[in-house]
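In the part that follows, the structures are each spelled out as structure tokens.
Shared between the two complexes below is chain A, which has chain B as its partner in the first and chain C in the second.
Let's turn to the complex of A and B:
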């Protein structure tokens, strides 16, 4: 971090957002920086919506299309919440897609399914959390680089999922359709899995912004040495962060089972890249110590809407990938500029 | 003797950092072929001067002349082009590259982008031979060399750039006794070839041995230029280093009765750094640890805090502290203000409040749920009580001055039940006015019954602030006395002169501990790296 001239401590904009001197509560902390930064993301999302309305006036704004955007975003969205924690804590989790696949396979084996839908959900969540715990243990106590440890978990989890399923897609059995109802049952026009997504986002936001755990996550990612010397158990905290990411993968596995009615070792391919990209577009520092859940979700929605626009307009999916790549670059460049001007 | 043109002339260099005037009119004159020693206490401005000469930092005023011509050392490259090379304490070599690759790093012997290996190896061998170390193979990976060997490679690199002036910052700090003798031989070979050396060391006996002339810095000014290194009396050098214009204002010592012992340390040892140190700190007492950088004083503090592996016993109020981490130390009632404020203490992206409450979040929370109102109120109360300025705790901590940042770090530990504060260089990078405030604050804390263990490189600070002083040299506790019974002279003597005060020349028997920084393990190389570095290590 660069030295800052004391004379230019805070820009007027920042002061204005901070507002209300002496007011308790939300007047200091992460909220104000985040809110100011999210304006750009919201603007981008609005811009994309305008593009959608102009190019496909008949299809884009329909309720079925908007619902499908949200349903599509839900699975990766849950994973993105966990990923945000890991990245703010100074790490990275490449294994999310594979762990989700493993959890979906484990939960849909005939043996598991024989116990009913509740056990399937518990199984998916436990498998995800367990895988995260293993990665976290290797990173925190085995002193492995997060990139390597989670890369190993990616490969191993994918392999284990293939082994368990014999590389066959496992259908959710007729007796366990309660899981599928997450996708088919609608409340106020939205499928239940969107509510699950919303609940995970809300829980993640609260955990990050309103608890000691969240505050310590910022500290561990921002300056692990300072955190350690302040008496925080940095290793245990790091391990818990990966377990949390695994937990999110387990929940995501339930959602993907609901959407596809299957468990498969091919689920979640390259989800890790989408999740990481969403987190970065959302303004979370890849080096840790700064970031927000809201930003990540906005980043993910931008990605999902782009995909949707390309499909609606019948454009090439390869071009869509190029567009996504460009958006990552532009988002990071813009953030760097706004950071420089605001400090 | 006719006044010949000096190789390097530095005139009236001024360098202002935010809140601190690091250099305030420094003059220096170095002749070709001499070893010029630069002396001064910590904070005197030596490192800033080196940074200016190596092009890393730009002066605000003053001139640097090489061969009588003014040069602008706008970057490290420009300094090298002017013939000035710097060998830093932490050698800037790439461990994974070979000796030859390191020597020619940045100016590779290459044709069309391809390194000419054979030619580079030949040239590297020639340079190493010139330094009397032809036995270091140019193809060897640098990481496999011992510190002494790495230093030779650094010197060869300087020579490869055709350096005419080599600045060596505490080159002997990482070396064992016999390796220092070898270093001196190499330096003499260099000077015989007309290369000038600026030699920085805290060890006066080394300066007598290798130095030709001495320049003394104090509080950013030159107080003596070009004194003969061998003839000038030690006492007058020490007097030059210590007499100061800046008078610190220390609070009066507490007259109150000292309480029971809050900290007891028994037989504390850190392999290669600290040997068998025992002491205690009582409630309401400030105990100062005096010693050079690298003497083991910071290691003692870190070991007490559980931030560094060590053997021995640490007890707080008679109860042993759970080892193996800082969590146990904090739970036992310790708090640490570490040496490197930015790297080890602050969350630079966070607000003042977030930094203050970092270690006590549990107090403002129930089942992990933060009561942010209580947290903010407590942060505001502490900021007010410590007079942190500006008084807005929502402000980003990075915008505060060093002194106010340090207050925030202290505030972090000012919660109930804190029994012992470990302060490592609490006034580093803090300007004079804010220092007095910090001193008063530390004394106030002690008067409130907290035990304080204070580490400082600045002897006057230890003497002025502490009740009792422990002198650490080469990892051992060599002296203990009430601060009132000591003066700066005595402490500097104890701190700098090797045991017995012998002139280093091979008689390890007299000194016992030798010249190396570590009391154990002979050379005192850094931690575990020494074992693998034996192959190809140079040794005479």
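Let's turn to the complex of A and C:
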């Protein structure tokens, strides 16, 4: 987070310009359309809930099932928050799953574990942020296309994770069960990791909608040239966005360690696709400049609830994948329509 | 060396007492009976085959170890080769890419190794290069994933996926029957559902359960990863408020399944694992876990494959068999590890 702070303290003058060119109109428009689209997402969730209530009345609406859905959504939810920032900023981060795996492996090596749970958490977060910084640097200063740079990071991080772990599943040792307690300890009926998820979402929402940093993110994604002319250091901002995504991966790594009691190079396989899909369904433009955290989280919840419904009803994975594919298509079609009507 | 002699002691003791795992498996599992005892032969008491013979070079190619089981395969092969002074072990870089594995095997053919041990990424796709090796006069020992063409290998040695399902089915069926359960809720967590090996395991499981009049209530796949194991198990526990038994195909993903079970605080059922990881064995040994048994699919088969390759390259047979040459196919029995016999298996368990 420290990387982010300086950017939020802009001089008033700079702030004024940053908001002017293109950004205000767009972001107001986004606000209106965004809310309407959120209604659509909420309606979709309600529809899924009705399906759940009808098909499995005894199981779906129980508090333990709902808690379970939230816990399942937490890990990838944290990643989705970072992904939303990157995509609004006009980029894409394909490396999220692999970076999370790397962070989980690095934090669970015997050497790291010997320092205790706090160091493990710090390690995971630093590894995630570091990987994000590297991608961000390559994209912002090395002028690499985000797709390529983060694809390279995906492959490299996965490989490094395999190398570090010797392709073994690394258990969280008995002395460090404080990590696992994030998942097993409940406060007001919810596991601690759900609170972590909620905190990340809240922080992400504030950062995106209530700070200069957030406004700049919209500006950079909407029209980088205009943003540059307005005095925004577009390169540095871009790099920080990827670092932010990496930071989220590091936090997600802590959550996955808590849930699975392990660090492994196989963690987070295809998370990038799930996270990108959730962001797209949530109404964020893949071209950047528009989007919302709440939308992304609703999109993710739709995915998680679908998985839950399919398993409750004993249907297999292949059908889930087909359903998810259809939802992405429908969401994008609806998105295009609402865009046309809003302009 | 010390490691090995411990294991030899185990096998020897088993053979002598008639209570060893391999031997008891012989009596309970007819198709695998002869081969299983044969597999133990190279380290058997006679020891004739262990005496140094002609120096041979054995090539080895396997997929990249992205899973504890495959990592254990490579390690077992390496250490089996290491204990023979007459064996030069020549492994190639492990890879998950079919193309790369084909060229790796081609390089071993060109190096004119005396025997080749291949665990293919995909038997169908590597069939041709294995056949090329055989045509070049290099005997191929096909490990686990079978080549479709019998001309492509001299000997096949591998696990019994169907038998694994049967073993799990019998353990669960027997236990539920004796506790008088009627209409029990039996949950099955598969590996990768599209793989033939998974389908074989599930079929064996269903067939064995049928003999007790039971059937699988719910079945989901968890992709052989810890993370997916957690996710699927968490959802399954929500779907079924009362479960009687769970069979999880793979101990590696089982770590995730157990994490989900602990998180949900459920313990009204018992669980059976698969593969035989050291971690699962420790869990079984503790006695306080829902995991009460695991059915083996042991990576020690790689060590056996190296030994067979050596025998074939040296034109030796297996000393426990009448035949002068090594058999064409060896199917290992899937053994059931419970709290009662876990101590004997722990040294063979692989770290996930």
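Throughout what follows, the second predicted complex is superposed on the first by the 310 of 343 C-alpha atoms of A that agree within 3 Å, B and C clash if a C-alpha of one lies under 4 Å from a C-alpha of the other, contacts with A are read in each partner's own complex, and residues count from 1 in each chain.
The working rule: contacts are C-beta pairs under 8 Å (C-beta built on N, C-alpha and C of every residue); 3 or more make two chains touch, one makes a residue touch a chain.
The model shown is predicted, which means the values in this text are computed figures rather than measured ones.
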Chain B versus chain C as contact partner of A:71, first or second or both or neither: second
Touched partner set for A:261, first chain B, second chain C, both or neither: second
Touching partner for A:59 - first (chain B), second (chain C), both, neither: second
Which of chain B and chain C A:218 touches, first, second, both or neither: first
Chain B versus chain C as contact partner of A:126, first or second or both or neither: neither
Which of chain B and chain C A:152 touches, first, second, both or neither: neither
Set of chain A residues, in rising order, touched by both chain B and chain C: none
Complex contacts: residues of chain A adjacent to chain C: 56, 58-59, 62, 64-65, 68, 71-72, 162, 166-169, 171, 180, 183-184, 191, 256, 259-262, 264-269, 307-308, 311-314, 316-318
Chain B partner contacts - residues on chain A that touch it in the complex: 1, 3-6, 9-10, 18, 21, 24-29, 210-216, 218-219, 222-223, 225-233, 289-290, 343
Touch list for chain C against partner chain A, complex: 64-68, 70-71, 193, 218-221, 223-232, 234-239, 241, 252, 255-256, 258-260, 262-264, 279, 351-352
Touching residues (chain side chain B, partner chain A) in the complex: 18, 305, 307, 325-327, 329-331, 336, 338, 343-351, 353-354, 358-359, 361-362, 365, 368-370, 372-373, 376-377, 392-396, 398-401, 412
